[in-house]
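Before I ask anything, here is the structure I am working with.
The first chain written gets the first letter, and so on, giving A, B, C and D; residue counts start at 1 in each chain.
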């Protein structure tokens, strides 16, 4: 079972990043086509999530597909870039109705790209939708606009899935879709079947959640449409290599997916600023494979029995043994 | 309008506290009757929230009422102590069904106390319900038990309001009712009209929320049944004196209540470990009064217009001027 | 006395910023010359700190000086850019000795720029010097390299002051000069009189310090060579407008400076991503002026007496009254 | 070599704890004698750190020694309780000189207990020394009092070692000895050879430090006199079971000790509120033994070479393999 697991990555894993200090970038491919070639070097990578519009050149869907095919990669999702300069004050919640419309159009066009590639979903990451200062926004209106924007898209495109990737903050000081519970609350209010959650392990950790609990909650609402993993120090979205800091919590996350028979791609959302990008992906996937083997070994019934008693140490001893011995 | 505002406090504000270091306590009254006398010395305090069973002696409702009357105090809520030793592994979610039943009985008895005092609600603060370690609990089962426990009470006592006070953590490393959104999600699932939220300003801040946003959300769901205030450094529930660290965010919180015509008691939930308890309450209430005067001065339409543009600095300039000039 | 206070700002306050999402920037001037013109529009701004090499074009010192003169601005410090792409793995601590030498040369050249402009200091912000992962670096060697790099510069340029601006993290997950105490420890080990601290209020807050305590400590070691202010939510270097979140703690910071007769420029280090840059600077300076007036009013002896008793509420009441009534 | 490693624990690991909610405690032994009996049940525990005065009864040194002997335990350190009610506003820094003198006397008496038991040191954990509010204290005076208090003791007792255990906060909102660097700065100012650091892994983590870096720094100053371990979520001193959350960072901590030939007891400082105390200690020591075996396997030269290049992933791969395969 484990050896059939499919692995994926956001294509930005293989891009050149900038931040407010290294404004000349940290190196790496300058176009999405080159990034695809780098992704192709990763062992066992099968699918990618693509930012859209394609960066680094004026590339057609066909050109991108050709390059993907050459690297044996297919597309799981499309991430429209609703967080660039024009959207600095928000996409769905921008105070300017023209910009809100622009976001709608951009995402609507992304729906076509999803269909072209036969991908699973449009990924919505409205990272600029939120606030920075006390008194800056009308919180009720802002939240309503967040839901309206997503709802309109889902309503207009009933044959396409939209997944919301929540995060506590960055680049805004506070992001509207900030947590698993808030996002589910919004999704339930929207009330459409084709809106779900893309659960990022690191975002959950950053938000003070236990990612395993977040996954269970989203599953219980039938809304866990996708996921990706990475690691961090809990106080920021560091997008470090998966498993390097929180191996046990990551294992508990996968345990929860397996226990619920959640079957889907295990994706990476990493930003290896100073590491070799292929090595960073391989390192993470090696961890994921070990986790998969660990789940094969783990005595689920014994874990469940310990959990029925809230017996942390017995459950942990089982989990530590199963995971660590799989390396 | 402002001068009709009613102020309240948790009676524990006037208790003696212990922690894991000063196990001999920080001083202060040793019984609830003495604490009531201290509360009576606070200027402009009208109502209190009482822990129950009454501490420091075997006191009857009548004895407590007599002492309250003598101090011109009435009761807004009753807080059953579902977080003591026997509940160390949870009240609603305890792995032992006998302990869960014990919690149910204790709270059911608290309903009677609420009725005796003509109070507004039973306050539920299930601080021991949650987890400490990865793999410790079955997250789905734990959350279901949280909702079932509250739902059963609300169902059995349709004429009484139950308010849930969420908090991210402490004493558990993670508390089940951890945030405004998670709590609303649970309340909506329970689906009964007599379950709401007691929003603690400091808990919201501690959880990375903007308390004004939390208030708006709870109001929009018709679930803001009560509130209390204090202050902290955002990384722990310090229960410091209200207004001492985050005056502007506290003002935005009150602004949101006023804007929504939310009328209710402005309560204190403070732990003045090393301060004079009466002085600590007076200091906070002085701040609250200044905030009230600030709201009277504030140009709500101008704030709204700035917020329509997400114009933080204009809105803040109005808020700072109105609040600070009211001191 | 207050009306003689000199105000300054990092010129980057008036730049266009990028981050890892809005890679096309948040708008604003595209060259340092244009940024100087914007800075010139701020009321009461007298001095600036300049990044070097000058950005947005190949400008000479003379060209920059001419533009500064036209805007009645002078230079307090020069900040060599030792945190760009080539320095992604560190400046003083880079594993490549050639890059370490490059950093040395760049800073040495910045010394000449300091002299040309008659500025006070070279500012060292080695933001890429640190680590991201456990096991990544030899901590002893890394710290030694940090001190050696600064020490060599200070030794070679005894007539110039070097100020180190510490910060807990960003862009690295951990920065070598992470706190006031660590930086002082390094400075004492270096043992030269021309190395000091540029204390950033927000960095101290971010690091869990009380900025007033940090200032006092640096002053007690004779090492407080400069400072700048801003605000944040304590968990990240948000570089928000000064006074908007933590007015009282900022007032305590200025109180500490005044009490110690520390006389120097009150500078801004803000990143108004989505705000009008001039308005953001004016808003902050208005706060600083109010703080100055508040200090004029404050009864220092009464505060000292309260502090002798650790009487927080009495001291706070004095401080709140003095500051807030000065708006 | 590893099999000679000595393991220890603070005796409070086997006590009954209270906190501000479960004021009736979490269960466990009610006297130090009973706690020693529980400690005696832990596999491979050889030494304990004792709070003093002894709790739960009026026990003589002889009685305690007898019980320790019966359990094959010896004493590594004595921890005078300078953080109880009388010291609520500080021990060394208390505003009342009488209380400061009381702290001095208590610790001086603890020196005698150290000598009686042939222990290594007096442990100073001045957890109540610090502040809660802005403006509460004169920071320069407070810090001076911290150093004076420790210095006086070290000066009067040159034949005894004093170790300071720093922590960012709790029970105060900010603790004076808050970090490894601040504590070293104070120790260097005191300037006596018999003052060092007791490095708590969890306190370093809580303070945003990398514990391996903290250990290296303390070693480089010749001041690492003792250590203990546990785990937490980085935002509070949770005192969880060692290795359960941060196995790799704990392994890096031990790596640093081994690399520097630091030989000393590996101690536990855990608060298993809801776990079986013996099981919690055994679980942690099992982890520590695995870490010891992992160090035996680890290719130190290869790690060093990777670190010379700041090559995180190569170093981590070596560390993960060595540690995890030792379970």
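Simple rule for what comes next: a contact is a pair of C-beta atoms (placed from the backbone, for glycine too) under 8 Å apart; a residue touches a chain by one contact, two chains touch by 3 or more.
Because the structure is a prediction, the values reported are computed rather than measured.
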Measuring centre to centre with C-alpha atoms, which chain is farthest from chain B?
C
Which chain pair is joined by more contacting C-beta pairs, B-C or A-C?
A-C
Per the centroid of Cα atoms for each chain, what is the distance between chain B and chain C, given in Å?
39
Whole-Å distance, chain A centre to chain C centre, using C-alpha means?
35
Which parts of chain B, given as residue numbers and ranges, touch two or more other chains?
89, 132-134, 169, 233, 235, 241, 244-245, 248-249, 274, 310, 312-313, 316
Residues on chain A engaged by chain C in the complex (per definition of touch)
17-27, 83-85, 87-89, 127-128, 132-134, 169-171, 173, 233, 235-236, 238, 240-241, 244-245, 271, 273-274
Touch list for chain C against partner chain D, complex:
89-90, 95, 131-141, 143, 168-169, 174, 178-179, 181-182, 184-185, 188, 207-208, 210, 212-213, 216-217, 219-220, 248-249, 251-252, 255-256, 303-304, 306-313, 315-316, 318-319
Please give the residue numbers of chain A that touch chain D in the complex, ascending.
233-235, 241, 243-249, 274-276, 279-280, 283, 310, 312-313, 316-317, 320-321, 323-325, 327
